[in-house]
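What follows is a pair of complexes built around chain A, which joins chain B in one and chain C in the other.
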Partner chain A sequence: MQNRPDNNFYLTFNALYYPLAAKVQSVVEVLEKQRITKIPKSPKQIMGVISFRGEIIPVIDPRIILNLPIQPFDNFVIIVHNVHDERYNETLTVGVLAHDVSNVIEIKPLDILPASEFNTIIPKKYTLGVFKDSGKFITILDTDKILAISYNTIHDDNQN
Partner chain B sequence: MKKILNIFSNMFQGSRLARLINIMFIVMTILMTTAFLITFILYSKSLMDNAGSKKMDDLSARCAEDIKHQIETYLGQTAAIITPLEMSSKGYLSDKMKRKDVAAILFGFFRNTEAVIGGIKWEPNAFDNADEQYKNDPLFSPYNGEFNLFYHKKDSSTVVHIPEYHLDSDIYNRIRKNPIRQLMPAEFITVGKERILTIPLAIPLIDHENSKFLGTFVEYIPVDNLLSIAQTYKDKIGIPMTEVIFDNNFTIIADCQSPSNNGKNLGEVYGQAAIHNEVFNNNTQHVVDSYGISHHSNLVKCGQGDTKLVILFSTYTYNFSRNLYGQIRTFVLIALALMIVSVIIATIISNKIGRPISQMIKGCQQIAAGNINVSFQNDFKGNTEIAELFRAFNDMAKNIRRIVSEVKQSAQNVNSAGKELSKSAGLMAQGATQQASASEQVSTAMSEMTASIEKNSVNAKETEDITNKVVQSVQIANKSVKTTADAIMNITDKVGIINEIANRTDLLAVNAAIEAARVGEMGKGFAVVASEIRKLAEKSQTAAKEIDTLTASGVKQAQNSGKLLEMLVPEINKTSQLVHEITAASVEQISNAEQVNNALVQLNHITQQNASTAEELSTSADESQSQAELLGSTMDFFKLGNNSSTTEITELNKQVAKLLDRIDQLKKQEGK
Partner chain C sequence: MLEQFKQKYLEEVTDRLNEMESALLELEHHPDLADGINKVFRVMHTIKGTCGMYGFKDVEKLTHKIENVYGIIRDNGKSVPKHLISITLEGVDIIRQLLNNPEQDHSQTLLPYTEKLSDFTDDDTPDDSLTPPTTSPAPSGIKATYHVVFKPEADISSRGVNLGNIIAELESIPGVVTFTHAYPDDEKYAAKFYMYWEAIFSTDRTYDDIKDIFLFATDEVEIIKLSDSDLFLNPLFVQELQLQQQSGKDINFEPLTKFIKNTKDEKSTKPTAIASNTEENLRKEETIIGRNIDAIETKNTSIKVDADKLDELMNLVSELVVTKAEMLSLAEKFNLPELDNLSEKIDKLSNKFKDNALAIRLIPIETMMLRFERLIRDLSKELGKKIDFITEGTDTELDKTIIDNITVPLMHIIRNSIDHGIESVERRRELKKPDHGVIKFTAFYSGANVFIQVQDDGAGMNPKYLRQKAEEKGFLKPNQPVTTRQLYDLVFRPGFSTAQTITGISGRGVGMDVVKQNITKLRGEIEMDSEVNLGTITTIKLPLTLSIVDSLLVSLGETLLLIPLYIVDSCIQTTFDKISAPKPIFNHNGDPMSVINLRQLLSTNDNQPENTTLVIVKYKESCMCLSVDKVIGEHQAVLKPLGPYFAYQEYFSGASILGDGHIALALDTNKLIRLVEKNKKL
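The block that comes next holds the complex of A and B.
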């Protein structure tokens, strides 16, 4: 939708204590903590559904997909993303659970490093790169890939 | 032996009791023996007399019977040949043969009998009417041709015909006049040089058909046969006596005492015609004559004639009891032996009883004299009363010794104790006066104490009031602390609202920033505003957080102080209670102190009494000391052995006294 290659703004957030970033273009809104309705027999990574602007959208726990350590939490926010599913060529709206949102910052494409085992614990295929902000490595998620896969199917890597 | 001699020597040296026992035993033995002897003699004499005479009677009767039997046996034997002799005179056989046969019959008869001699004489021509024919035959007759046979038995087997002998005409005539079988008076027969006394047994030969006297058969029985029978009875009777058999003519047939008297006249030999006549004629079986001779007779009558044999046993009556004297002698010997034995026994018994008693008397006398160191060293074993007496005596002496020594010792002890007592009494009196002064001091101290206690009580009351006031103000403080805490809690609530508002504002700012970023260059100004808003929101957030922490700590402090105050209240209450108790206790103390004061007054009084009592005690101790000395001197009456133990005890006592003195000195020194 807003595929502008010159847009270098990124939303940084903590996926429950691990610093992550996502392209601002994919982010629709940040919602405050609210009740999530659970769906029986749903896959593990889908925590439930919420109502967003008259639509029912799923909320995903990224820690399960990204193999992050699972810790208890009290406060959280839901970041609503628009993702593009390549297989069906359609746009989906998905809520992602996060600890809190940090900031909206501008990163020059030159500052973005390729992801490696040394600077992130996230699998390389789900990343767009890594950048450094105030001494911390922040991983940029390829939200289209992750959220589309997790939304439609059970993740293949979980089976591996 | 030596021992026995010793016993005998002791017999009369011993105590009076021992002598008494000895004499008693001897007298008793003599009396008993004599009594028994007298009874024995009296009883056994009569018994012996009766038994002796009866035995003599019995034996004479049996002797007579035997002799009669013997003679009858001879008569029976003759009967066997009388019939053939009577038959042979009837003339059935030839003359010569007849006479030879009769001779053979007689020969056989004499060979088989015990008769020594015998023969037959016929009436002239009574046998075969041929006396003339055998006139010169020496076999039959020395004269007249009478058939006259005579045989002599020399020894057991040889029988000899003696032609020169022929039957005595006296016997023949008597039988002829009175033809009956009978014994004839004894007579001597001379065969060769031998003169044999015999009893002729005459049997007539009679022709029973014609009642005609044929002749006489005579068997001379030697008296030796009868004598031997009589002799056996003499031996049987066992006492000296004369045994005589005599016949009608008072001729002695057999005299067992002296066979040389045989054939003599009884009267000539023994000279007691009266007795003999009485015996013979009256058939008296038992006569005692004036000489004390007991005659026992029995008559033997054989055949049909008058001839009688008398068997006479004569003996002195004292012979009956002659054995008695021997028995008496042995009896007396036994009695003597018994006497000796009894004397020995008596001596032993008297030794066993008398000597110990005399020893005991000596021991008792010694104890009476005060010499109590008496004990008998002998081993008094066994269960006899004497042994027990000695043991008891020893025990008694030992106990007396022990008691006396103990009494002496205790007297000394009492003596020394009296000294100690008087000394202590003095000390006590001194102590009592000291006590009195001390008690006065105590009483003054007590009055001071009472005053201070009263002060205490007043102070305690004041303290109580103050604590009550403190309790009230603490309660008020507690209340105000609580209201403060409530106010702070309100503030906290309000701050929470502010915090929420700040959070929301922050989120809104973020969303605005996102929107601005998406717009790109055009939204830059908006983005700046959004970030500013975000900063403000964050500031208010931090401020709210700070307030929150501050209020939280304030609440905590308030709660803590409230708790402390609450805790303080019961403590204060307790203090006030304790103070109250102190007040009560001091009131009680006052009364107690008064009591103590009273007690001290009494104590003072008692102490004075004690002092006087101690003085009395001292005087009584002196008195007891003197009494103990008196007791000691009294007990000195008993002499205790070698005095080794008592001297030791006294020395020991002295040393103990010295020791006590030293201890006292040491105590005094310590006191100084």
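The block that comes next holds the complex of A and C.
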């Protein structure tokens, strides 16, 4: 796995006005703006559900989890990820809301810097590192962790 | 090589034996049913004629004996004596054993068994399995005309099928006109035997009888009924046939059609159209000549498909349905008549496609019933109990995997009911109960689940006795407070058996825990309820990951909800000022019903309109009103799970993708009402 060439490729996107990137392998598809069906009584970070390839999948607003500022928006895309859930040892398909998708770029492992409070506002535990593209810092997200954690916290939230 | 065909052969024989078993169970109630007697005779006859070549000599002898007995009954127009049915059923079991363990020495079971049988034969027919094949006499002398195309594969002889016999039997049909063809020398016929045959004949034999000639080569033959009448009565038809026979070419139906025209089957008037060798066609033929296709017989023609492939198919179908909906709205937008027509066609096709794809995965619970009936029949006889078996909702469909895995646990539950539940006749008389005990099997849909209930009117479980047993076995401390429900749940614990006497059938303390494990594996639940001297009811709740639930589609602002239709009583339009506050009660024709305001409950943000529609749903013994904005219509919902992200929510059992791509949420009404009731009490 480590030697697979696309291991070094990242999808960069805008999490509603904040530059982010995710490993290309975990991305299944980028969907156009579409109607998201709200599920009553859901926590804030869950936008609702959409139908994807015949299944119902949740759509997550990453800003809530990542503590990003909430600004209104008109257009959006949904980046569909496959994430590995450790608790149930299965793969979950989850949609993540983003403003738009920028590019797929190759980043050599050497060019990835450790995340710190100087180069990203995202909590370090949710990142795989940071890289510089055209003079701008882009944070690489650990999607497995974010989506698994968001899912776990949902269940913990419910306890209260 | 033979081994591989042997497996297929065994499967086929198993299916035949199942058919025979169900015919026997029917004969038990109607001992003079000619069809049933014939069926037993035919199954025994065909097995006898074929099992020899796979080395099952004992089976050959045994089937011969049984066939003789039924031959005598049939020829004398007698009815089947009651005790013969038991003996024959026993014979079916022995045949199964013989087929499964051919190595073992079965003479211990065989000898006494054949003796029992010989009581039914007047004189001992010589044990000669080479008697010419007997065919059942047709109930009437009316002849029909058939066209048979037999194209054997090249490996036919190595499979142990005797080609010579087949052709000889075919040619022994009186008046038959056969066409023997050889394939041209070409690569593409390499998989075929180098010759093939066509035959046209009229006979009073039934379709099945003709098919039996080609037993174990049924995939290589097409049997087409040309006409319900005897076309050979027309000399012109015979003349035309003979002319064609001399030409040595394939039968040309063009000049023959005018003779066949009077038949009702429109397919037969276009013989070229029927030349496809599909089981579908064969089955249609069977229906035309009025034979009952056994549910089991249809299963003969099934193929095994990887469940993943079916899932993939389902997903593709769902995508297609959504894409289709997009196209429909486009067609509407541009108002192109051609596009309209086309999209309408695609709409119809994709609906059919969807229904088909869904139906592939689902099979009715009915398919398990034969095993249960047999179990109840045999066990009640053995224990000297009288038991009626009542079934309800056996057309309820479940995913095949679930059916496959639920049969054995259910057999165990039924076995418990027979053994421990239903009392002996004497005991029942003491209790002033009817002699016949009742075991009732019920299946029904509820929300995203299928419920299966097994209920008996027997002794029930005594909580006192359970308690005593639990303390003895150390499951409970003396004086430890427990509810009756908790006591019943102990039954599912490993090593807990309540049978006062251990019988060979049940009561060894293994069983209910395994039953529970199996059901949990299917993500189902099991529960028992009981009343002393009234009986026990076991309820199994199973998920239906892929079942269709007929639902009422309603809206609440932008949210679309599905309410299972079976629970809906009626709908009433009204205004909120008619609902009394603070306790929301609606007075429906003098009948006060409590109202659940779904908008408040689900806290959707939009404004409450003045008007509302109350959906009256049945809950327990009474009714409740669910207030929604609008009723949109009925919807056949394919329920999809919401997935682990939504495991926290309590009101929805799943969601369904509508034709236009919108998602509707399926309300778990029972749970929802229960939760509301509970909160009221707090």
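By definition in this document, the second predicted complex is superposed on the first by the 147 of 160 C-alpha atoms of A that agree within 3 Å, B and C clash if a C-alpha of one lies under 4 Å from a C-alpha of the other, contacts with A are read in each partner's own complex, and residues count from 1 in each chain.
Definition applied: a residue touches a chain if its C-beta (ideal position, glycine included) is under 8 Å from a C-beta of that chain, and two chains touch if they have at least 3 such contacts.
Just so you know, these numbers come straight off a predicted model, no measurement behind them.
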Item checked: Combined model on chain A: chain C and chain B, fit or clash -> fit
Next item on the list: Tell me which partner A:32 touches in the superposition: chain B (first), chain C (second), both or neither.
Entry: first
Checklist line | Which partner, chain B or chain C, touches more chain A residues | finding: C
Next item on the list: May I ask you to decide whether A:55 touches chain B, chain C, both, or neither, giving the answer as first, second, both or neither?
Entry: second
Margin query: Quick one: is A:136 in contact with chain B, with chain C, with both, or with neither? Answer first, second, both or neither.
Written below: neither
Margin query: Tell me the contact category for A:46 with respect to chain B and chain C: first, second, both or neither.
Written below: second
Margin query: Let me test your reading of the model: by the given contact rule, A:77 touches which partner, first (chain B), second (chain C), both or neither?
Written below: first
Check: Just chain B (first), just chain C (second), both, or neither: which does A:108 touch?
Finding: neither
Note to self: Students often get this wrong, so check: with C-alpha centres, what angle lies at chain A between chain B and chain C, to the nearest 10 degrees?
What the structure shows: 110
Next item on the list: Once the two complexes are aligned on their shared chain, state how close chain B comes to chain C by Cα atoms, in whole Å.
Entry: 14
Notebook entry, point to check: Hey, which residues of chain B end up touching chain A in the complex?
Noted result: 503-504, 507, 510-511, 513-514, 516-518, 520, 527
Notebook entry, point to check: For chain C, which residues count as touching chain A in their complex?
Noted result: 314-319, 322, 558-560, 602-604, 640-649, 651-652, 654-655, 657, 661-663, 665
Check: How about chain A: which of its residues touch chain B in the complex?
Finding: 2, 4, 6-7, 9, 11, 24-25, 27, 29-30, 32, 77, 101, 103-104, 106
Next item on the list: Please give the residue numbers of chain A that touch chain C in the complex, ascending.
Entry: 35, 37-42, 46, 49-51, 53-58, 85, 88, 92, 94, 151, 154-155, 157-158
